[in-house]
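If you scroll down you'll find the structure; I have some questions about it.
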Amino acid sequence: MFKRILAGALALAVPFAAGQALAQEKVLKAVMHADVRVIDPIWTTQTIANIHGMLVYDTLFGNDAQMRPQPQMVGKYEISPDKLTYTFTLRDNLKFGDGSPVTTKDVIASLKRWGAKDGVGQRLMSYVDKMEAVDDKTFRMVLTKPYGMVLESLGKTNSSVAVIMREQEAKTDPQTQVKEAVGSGPFNFAKDQWVPGSKAVYVKNPHYVPRPGNESASSFAGTKYAGVDRIELVWISDSQTAMSALINGEIDFVEAPQIDFLPMLEKARGVKLMKTGNLDSTVGMIRLNHLHPPFNNPKARQALYHLINQEDFLRAIVGNPEYYKVCHGLLTCGSPLANDGGSAMLKDYNPKKALQLLKEAGYNGEPIVVLQATDHNTITPATQVLVQAMREAGINVDAQAMDWGTVVTRRAKKDPPAQGGWNIFVTTTGGVGSSNPVLHTWLGAACDKGLFGWPCDAKIEELRNAYAFAQTDEEKKKIATELQTRALEQVVYIPFGQWTVPLAYRADRLEGIVPNTGLAVLWNIKKK
Amino acid sequence: MSGAPGPILEVRDLHTQFSTLDGVVRAVDGVSFDVARGETLGIVGESGCGKSVTAMSILRLIPRETGRIASGSIKFEGEELTSLSEEEMKRLRGHRISMIFQEPMTSLNPVLTVGTQIAENVVRHLGVSWKQGRERAFEMLDLVRIADSRRRLDEYPHQLSGGMRQRVMIAMALSCDPQVLIADEPTTALDVTIQAQILDLMIELKEKTGTAIVLITHDLGVVAETTERVVVMYAGRKVEQAPVEALFEEPLHPYTRGLMRAIPRLDVEADAAGTRPRLQEIPGLVPILTQPIVGCAFAPRCSFATDRCRNERPPLVDAGAGHLVACWEVDRVRRAA
Amino acid sequence: MTAYIVRRLFATLPVMAVVAIFVFFLIRFAPGDPAAIIAGEDATAEAIAQVRMKLGLDRPVLEQFAIWSLQLLQGDLGISIFSNLPVTRLIAQRLEPTLALTLSTLFVAVALAVPIGVVAAWKARKLVDRLVMGFAVLGFAMPVFVLAYILIYFFAVQWRLLPVQGYAPIGEGFWPFVESLILPSVALGVTYMALIARITRASMLEVLAQDYIRTANSKGLATDRVLLLHALKNAAVPIVTVIGIGIALLISGVVITETVFNIPGLGRLTVDAVLKRDYPVVQGLILVFAGAKVLVNLVIDISYAFLDPRIRY
Amino acid sequence: MAVTAEDLAPDIRRFSLWTAVRRNPTIAIGAVLLAALLVIAIFAPWIATSDPLKIAPVNRLRPPSERWWFGTDQFGRDVFSRTVYGARISLIVGLSVAVISSVLGLALGLACGYFRRVDGVVMRVMDGLMAIPSILLAIALITLSRPGLGIVIVAIVIPEVPRIVRVVRSVVLSIRSQPYIESAIAGGTKNWKLLTRHILPNTLAPLIVQSTYVCASAMLIEASLSFLGAGVPPEVPSWGNIIAQGRNFFQIAPWIVLIPGGFLAVTVLAVNLLGDGLRDRLDPRLARRL
């Protein structure tokens, strides 16, 4: 056994030596909000996997900062007048990191896999009649109905981005992770240097072809290129350590500094903060399990609204009011569709009433299982505030402590809470996705097929569909208001506010950071 | 080396004290004696009487954290030892005054070879090379009649018998030709036949080298056989001093008499621990040395004691022919003989 | 001697066997179905069953144990549930920082603590001694993580003398390597130093009271020779024993130190694996750590023979 | 040296509190500190100035002041009250681990030292357990179950037991080889009588000393486990948890780490001092060795 380990250690020493030889190369050392553990951005919804994905892979379209889809891998495209047939032609000379050309076979296989796994993709695919290759570079997507959000879906910029993989990986069952991460994005994943739990390394992809014309970069749109030779995503779990390392110049970039440290970062020489976009980046959600008592009863779910004082949560998570906003709605406040349909219920903070309503809904003091993450910057304190509020109200809480990774595993269980299932977990989602009724998958109520908690309401799904086909802004707004009202009645989730975290970086070393709300992108960054 | 006549070692009014949680222990309480060149002086007394402390005081080996020489003078070849620096003292120890100890089993370092332990002394004091030191060690082992001495040099103490170890100790102590050898109970831990051999060896080597010996023992038999002059100590004080013949002919202090009566005969078997019975036959307890002793220290155990004995300390007086004794009732004691 | 070493090596086998058995069954008693964890976030029952079959989890426990042991003997520790990489690779990747940290701590702690203990014993009951003993008692009570944060705050954050976090492989240059190890080694080493200084002092005090030290002093030997050769060599066996016992302390401390200083070593791998319930990795790590500890004990045992001529084999 | 207080003055020592303290100041200091902590732990509800669990996000990260003696943490909880309640957890863990592992260790150690057949098997298992670093073993055991005070105690007990077994066993073996025990065995004295009359009393001194060290190390391990996120549930105000949750704010709110950290250090110190003192008193042979 030791021999093997020794051999492994020796093998490891080689890349170290190599690293020294290339000391002149430009290296970007960045600390993201999480560690890269899963290298398949389709298989998981984790944001970090998608940050990884956007380094390695490219997309057909990319939404810009105004959430308008712009072609990315696609050179030109045509939409038939009946809005049923989309014809896409890839840009010339697109190649994967291994040098092999990108063909429509790869594209179609990738879209199929994405469409089978991602909520937005599933919705799109439900209107797709067929996808067929015209030749190696051109393919056609034929719809059954004139679905209005084809390009927006392909260009989505939050979780489970529709990335294009090689066919051999794209053929992997969507429930199984791909084993290799080879894409046509600006960087190659250096899997041999990957130390899970410590760092993931990306090197410039020599085969990458950026969009010509030097289009200005905006969110996922525009010309993307590799600004440095090498990117190391260093994992520092302790946010204070990450901050100190940035101030000390040991790293160049911190994606999500803790808000309490922002004043110190502002003061630090060489360090700058940057807002990632116009919208608040993160939205907090308390998710209830609709499958099991007491929250299989809408009355019981609604009762919890009276327990939630958003200020308490936001203070505990964010602290500084400059960076947070109370939002009594399900569509991101500040976005065009934000409205106050059904909001009244959320504004009545009254713990006594909560317990009373809960009892009326048949709750008899059974333990409520709360999945309590212990290692998450925002979810951990939020859960603690929730548990405390529930206990104070007199609810019997069984708070089960575990790390966030385990919460992610546990929340998928549909078993009753007493048998390894759960009643409540807390999570967050991106502010960009949540501003669109269709992209906002947590708003869905597709029963078993939906996300954890499995809300089940035909009307909600109907309204989301209707939104996708709405033609005018007025119509969209009307549907959005109706949808939010219904979703709040059904309690698909309980919002507890929204906030934004600026990113921090060494302004004396880096330039050209592309802002993108919700999912940090590292292309175009140059090292001075 | 100054060839000045007179004693090689002069101890005057030595007070050595230890501080303990129960107070100050006056282990040596005003002792004086001389050692002449080439002489063998015996110091006898029960355990705890201060004889070992006296020896340690001469070499200034009293542990500094608890004990100190409170007053008095120790002159070696006319030089005052109590005022020497520690470094000067180190140059003296093992070189011009050396010492051997009671427990040959534990007095040699178990993790160093015999050769190293002898040679380091020579190297340290005579400034010779390690090779020469080793050669000297080899000679010394021969001198103390250890068979197969060449091989023994590389052996560890645990590979030697008790008698051999004491021979090694003697070899070590004499390796730099000291003027004074202090032997603290050198034979107590050995069995009877070995004891005699070691004593014979010491006397023989003394004749050869002219080293003066201070032999510290509780064993009057050993004193009688080996020494020329005897100092008897009790409770940190010298109570009697006489040439050996005079002492055995007519002991003048009641304590000395008590000791004489308790001499273990040489044919008595040693007990399990390897030591022969000590002198516990005198009734009563040794006084507590933390309390100031008024009068004669032996008074509580003395059958001759009077009120004067209990209240006034008897001075040392010359009872004739260099026979000193500290007793108010010498005359009565003499008559009782 | 060789025969003795071989014999002792064989004697470690039953210990390692016990560890292996323990580790195997420890994980079998774990709650939750490993297959479900491996299968992923929203796997179907069939998918889970498939994984279970693939991993052999559907077979009788004893058969599983036999298979696992066989793989173990071939140096195969299985595949990590979370990163899908072989456990041996994960461990190999993390070996260098941990070895560097423990060895540097070991070296620094021994190099400092032994002389400190010797001086304390030599100057027993003096100010130096009291300071040393005070340090030893405090050092033993100080939680490693509290000390680590204090060190980081002053040396890295306030005075900017040393890096806040991270590890620089020796391949990236000697000074960065040393720099990255200073604070973690100090934080990790204080408890260890306290332990060694304490035992050195106690052991030296006992030795200094021995007759042979009196003999050495009566020979007028220089103080350093008496302390460092005559006394220390005799005091060495208990000191070395404690240095060995302390290795266990170091291993436990490494888990915390690496977490605080963000060092990508086995300690952090352990914490991550345990919190993520990545059982194959946990199993592998326990085996490796136990193996290391057994090996250290062996080395210590053998070293006795060199320190004390009375010990014979 | 030839002369010591013991030789010269065997029977004049009178007992007095002051001499006892002077003779053995470590026991006194340890005992006083520990007594103070016990009082804090027992009377925590009266000493604490507010509910240790009460979240008040408005008051987060307040420095120590008249209102919050030890400041507040990132949830606005009162660090003073949490620290006071934390004494309970530490002492409960320390004491129960010490007691449980002593009892188990004693039973196993006696059995091993006394019954040859048990010895082989049990000692193999103990060697195996001892080969696993204790924190590692403890976190591995904790992950097998849901975190809770009970499981934390069990997880710390298991790696500590072998240490106690070893101590007890070695004492038993050395006593067993004494001639008077051998003759008692030959004379047909009953096993239980031998155990309770001769062997048990002799094991108590080293056992008590050892268990104080176990107690101290248990408190440190508990804190370490909490620090690593594998200890008692996060809302429980154990010192390790307070430190773990405050560590992220060390640079802006150092009191959250330093104050409970100080309490932990002092408590461990007190127990260690007590152990050292007891060892010097009860087991001089051991005292010389350590």
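Letters A, B, C and D mark the chains as written, and numbering starts fresh at 1 in each.
Note that in this section contacts are C-beta pairs under 8 Å (C-beta built on N, C-alpha and C of every residue); 3 or more make two chains touch, one makes a residue touch a chain.
Source: prediction; values computed, not measured.
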Count the C-beta pairs in contact for A-C and for A-D, then report the pair with the higher count.
A-C
Centre to centre, using CA atoms, which chain is the farthest one from chain C?
B
Note: chain B sits from chain A at a C-alpha centroid distance in Å of 91
Could you put a whole-Å number on the gap between the CA centroids of chain A and chain C?
40
What whole-Å value do you get for the distance between chain B and chain D if each is reduced to the mean of its CA atoms?
51
Where the centres are mean C-alpha positions, what is the separation of chain A from chain D, in Å?
47
Would you give the residues of chain A that are in contact with at least 2 other chains, written as numbers and ranges?
238, 244, 375, 403
Junction residues of chain C - those touching two or more other chains
31, 152, 157, 259-260, 275, 277
Which parts of chain D, given as residue numbers and ranges, touch two or more other chains?
146, 229, 247, 250-251
Residues of chain C touching chain D in their complex?
14-19, 21-22, 26, 29-31, 137-138, 140-146, 149-150, 152-153, 157, 198-199, 202-203, 206, 238, 248, 251-252, 255-256, 259-260, 270-271, 274-275, 277, 282, 285-286, 289-290, 293-294
Considering only the defined contacts, which chain D positions touch chain A in the complex?
53-55, 57-58, 60-61, 74-76, 146-147, 229, 233-235, 247-252
Complex interface listing, chain C residues touching chain A
31-32, 36-37, 39-44, 47, 72, 75, 77, 80, 82-85, 88-96, 152, 156-157, 160, 163-166, 169-173, 259-262, 264, 268-269, 272, 275-277, 287-288, 291
So in the complex, which bits of chain B are touching chain C?
59, 61, 65, 89-95, 98-99, 101, 103, 106-112, 120-121, 124-125, 156, 158, 169, 172
With touch defined as at the start, can you tell me which chain C residues reach chain B in the complex?
124-126, 210-212, 214-222, 225, 229-230, 233-234, 307-310
